[in-house]
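Each of the next two complexes has chain A plus one other chain: chain B in the first, chain C in the second.
Let's turn to the complex of A and B:
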């Protein structure tokens, strides 16, 4: 660990995970740009990297970089929370290389082989064809082995060291996170049954286990960055777990409207979807409460200095509360009821929601963790933002908001023209696609995608250089 | 059949824009309600701002009503929306109470 202030190997391993996550994040954005370009110029990279391939890499890379960053985040916070080195750190390092190598092979197969025969060999060696989790079965099994090893490290460390509330929640959450993945590994030729189990993975990840995970990270971040009271933060975490599981699990009903499941899912989906904004609203109270209390106490002592120990990371954490509220909350609530979803399903509304929700709820907080790691690695006591930090944050957040607005506009055209006016007919589909509002929405999505991609490079430049800046308090 | 179970009539072409605006405002006004309530409680805002938080809750509930009307919801969904409105009203009080109790217990 030359030139590093890291005292624990666990934190060093975390930086490996963060580094690989950042690379895959770049790949996600690159192939997103390719797919966005193909909406505007359908012949772009035709029969070289077709839309189906570009989109597959775009959305699978999204999941992979976030999983890498999430595992890295756990390795980062474990020594702080438990007070000891992570148990089985050697195993953790071996699993990192196995995981990274598997992902590289999977992506190369996606790019070079692309498709295979309609039999079991494609499922085992190329991809499974389930959006977001398209890894071939051999990689599925490898992922399960890697995650089981990671869970062993987490449990062994939690049981040996100080088991804080955050670690306890993470231990339960990561077990659910891994267990739910198994639901997406089976094969059936009944598309309704296949989709039924596939949603167990996707929905119960993003609206239950991942939300609890980022709640735990937010709790850790608020303690380390603004010195929030641990018991208050952990109390909040338990409230959030209860609320998310209360509304989130059966909120899955909003994915079961039109896939061939029984009609009672319409009512279940409507009721629990109506309740789903509540945890997000509660999260907003939580951040405001902690920041307000801590800042108020500093002001009462006559101190005008900010209580924030890592300003770039805190900015991303605040953007998480805002982005989660907008992306998962507002854009989710738009079309979560079956009465509206009947018209919006499968339009660019879904894409707008997906972009802002994944970014707002998860990417923001994980980028914040990158900055916490830079701070720890460089031994910085109070880390200030640089011009690059501000540019990166503005370009990425502005770019994603712009893409979301453009996709919403295009989706609105599809709802009105293709669905409401033409009744979801073949002619209606093309009438919607040909609308100038739809095509201009696609143009603007591409432009804002470029802004986001450029912002990513500024972010990487900042992460590589901010630790050496001289305006921090060390 | 979908219409019979879910809604009393189809959503009209001219109803989509107000529907989407109403559903957006549900969360925007709800956010203002919760934000102002919490900010007053942690003394980031003066006490006179508190009535405005409840004004925003009334607006939230009204937008939920509008949303349900434009969707032409059935009785069940209408009840779910009322539960959601009450949940938004009670939530900040309950969460703040629990957080503050824990905070006080650890301060004193």
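Let's turn to the complex of A and C:
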């Protein structure tokens, strides 16, 4: 690329992944808006793009853009950590195009074909109809091949270059991340067994391996953006890994309360998932503590300037610490005990948690990575925020918080009316949905969704233009 | 330089992370080996011999299923074929399903297979919840078979003009937009008569799964709000 300041091809490849991730992020928000509109106006696109189709694309796009941005983040940080060019760049490029093309085909089939007859062919070619991992089986296999290639590159680079603590954690984590996906590829007539393994993928991704990934990325960010001491950061990272896996792996029990599995999962799920917020608190403290410490060291030297080398990225990293703690920690804790979950399971409460947790824990940090890439590509030493960065951050973070608040209130009404008063029947479900407090929540969710979507365009405009701004230190 | 402490030693924390992760993983795998046999599909022989399974065999569609409070366990459980003296499944009382109560193991398994496949290929889970998991745009299907709305005096059965619960459900599944109950409607998913039969068998089977009392008080509350 012309005018690029990137010395490593690995970083160049990372920008491809980030670009595609940002596009899919937009698709996620667009189809989320369609689904949110259907709650308010049920006739909207009825039997054209039904809620089920819009929602499937909404959550699949979410997973896909995050996986793309995660792979991109690894390609970005590898040269900095290992000190060498990533091994297998050619393979990485081929895999990028294969992955991107597969995703485009999968989404087009979702949109155009939508549903198939009740046979195995539909599972192979259209979709598997299992929330979050709907991708048809051919795409499952493609994803496994792509991820194995990526892992080969990571391992080959980690073993050839300097294997830092961060790279070591990533190597172990990405292998688990890929291996767990295999648990969700089978078919069974037994829905209890089906959901048992399905949760192995979903839970062990988002409440274990992805969280550890975020921990590693936050560690990298602290070192590169505020010059935190590697030894301290990596010690924190190992503590976080112990806490995240120690609570998260058995915290899976909170998905096994009601799917046909034995009662002992009540105790196991309650105990370990109640511990899950602890590492998130630790990560939050870690980021703020390091920031204050490094700023303090700078002041002690008599320097008045900020210690942060990339303001917008660091803002997103701090929002990650807050959002992860709030969305995954607090909102997860709300309904993690079986005594509460008996009534909240499968209501908008879950949806409120899902929105703030996915956004807070993952979207924030990955957007931060986009800004780091813009900084690197433009050869900027200290990157300052623009008006657009501030608007984008406020609109997106505020929008998601607003959606979460609205969904929480709607969920509360649903729990009380549909579940407690009506006993969860068809009639009870619609009695809850018709409640004025529920529908107001859905209106506000749509409004805040629009704010988020507009914020997305400001974000893209900022990412495309901030590198050319003149108030940075180059 | 300050004296080195084990608490600030990266090797110590790295090893701790390894041990904690390993221990948690082993415990999860061990529990999985305990859980999976308990949730395997039962057989017709189990039902005939009165063996209660958490997930009964497909021929459970030949039996009457209800959802009753179990005082010992403190929550509701599926009761198959009528209750015995302890209030648990007696496996005695049969119930016709599409006119028959003698579906063979092979036939019933075929229906369940078709229904489970259909539940995935028709994307049920991206509007409904199944066992409480899925999307929240439509009612939970865990115990849909037991929903009074589909029963003899229920509005859904009356609306379709059918005489049995299974026929009413099958009719609705094939032509959902002909039977709108609310502004929010189920779309037409091209479900064939045979697929509809399979889906209803899948729903009846799902209602027989022991879900530890989820959902609570299902179909038990009458006149709770506005005297409905």
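By our rule, the second predicted complex is superposed on the first by the 474 of 474 C-alpha atoms of A that agree within 3 Å, B and C clash if a C-alpha of one lies under 4 Å from a C-alpha of the other, contacts with A are read in each partner's own complex, and residues count from 1 in each chain.
Heads up, the rule we're going with is that a residue touches a chain if its C-beta (ideal position, glycine included) is under 8 Å from a C-beta of that chain, and two chains touch if they have at least 3 such contacts.
As the structure is a prediction and not an experimental result, all values here were calculated from the model.
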{"item": "Partner chain(s) touched by A:38 [first = chain B, second = chain C, both, neither]", "value": "second"}
{"item": "Touched partner set for A:412, first chain B, second chain C, both or neither", "value": "first"}
{"item": "First, second, both or neither for A:447, with chain B first and chain C second", "value": "neither"}
{"item": "Which superposed partner A:263 touches (first chain B, second chain C, both, neither)", "value": "both"}
{"item": "Which of chain B and chain C A:286 touches, first, second, both or neither", "value": "first"}
{"item": "Which of chain B and chain C A:229 touches, first, second, both or neither", "value": "first"}
{"item": "Which of chain B and chain C A:183 touches, first, second, both or neither", "value": "neither"}
{"item": "Per-residue contact with chain A, leading partner among chain C and chain B", "value": "C"}
{"item": "First (chain B), second (chain C), both or neither touched by A:271", "value": "first"}
{"item": "Touched partner set for A:144, first chain B, second chain C, both or neither", "value": "neither"}
{"item": "Overlapping contact positions on chain A, where the chain C interface meets the chain B interface", "value": "231, 235, 239, 263, 266, 342-343, 421"}
{"item": "Residues on chain B engaged by chain A in the complex (per definition of touch)", "value": "2, 5-7, 11-13, 16, 19-20, 23-24, 26-28, 30-31, 34-35, 37-39, 41-44, 71-73, 76-77, 80-81, 83-84, 87-88, 91-92, 95-96, 98-99, 102-103, 105-106"}
{"item": "Chain A residues touching chain B - in the complex, by the definition given at the top", "value": "229, 231-232, 235-236, 239, 263, 266-267, 270-271, 274-275, 277-278, 281-282, 284-286, 288-289, 292-293, 296, 325, 329-330, 333-334, 337-340, 342-343, 412, 415-416, 420-421"}
{"item": "Residues on chain C engaged by chain A in the complex (per definition of touch)", "value": "8-10, 13-14, 16-17, 20-21, 24-25, 27-28, 31-32, 34-36, 38-41, 54-55, 58, 73, 109, 112-127, 129-140, 142-144, 147-150, 155-156, 177, 181-185, 187-190, 192, 195, 198, 202, 206, 209-221, 224-225, 228"}
{"item": "In the complex with chain C, residue positions of chain A that touch it", "value": "35, 38-39, 42-43, 46-47, 50-53, 55-56, 114-120, 122-123, 126-131, 134, 165, 168, 187-196, 231, 234-235, 238-239, 241-242, 245-246, 249-250, 252, 255-266, 268, 342-343, 345-348, 350-351, 414, 417, 419, 421-431, 433-434"}
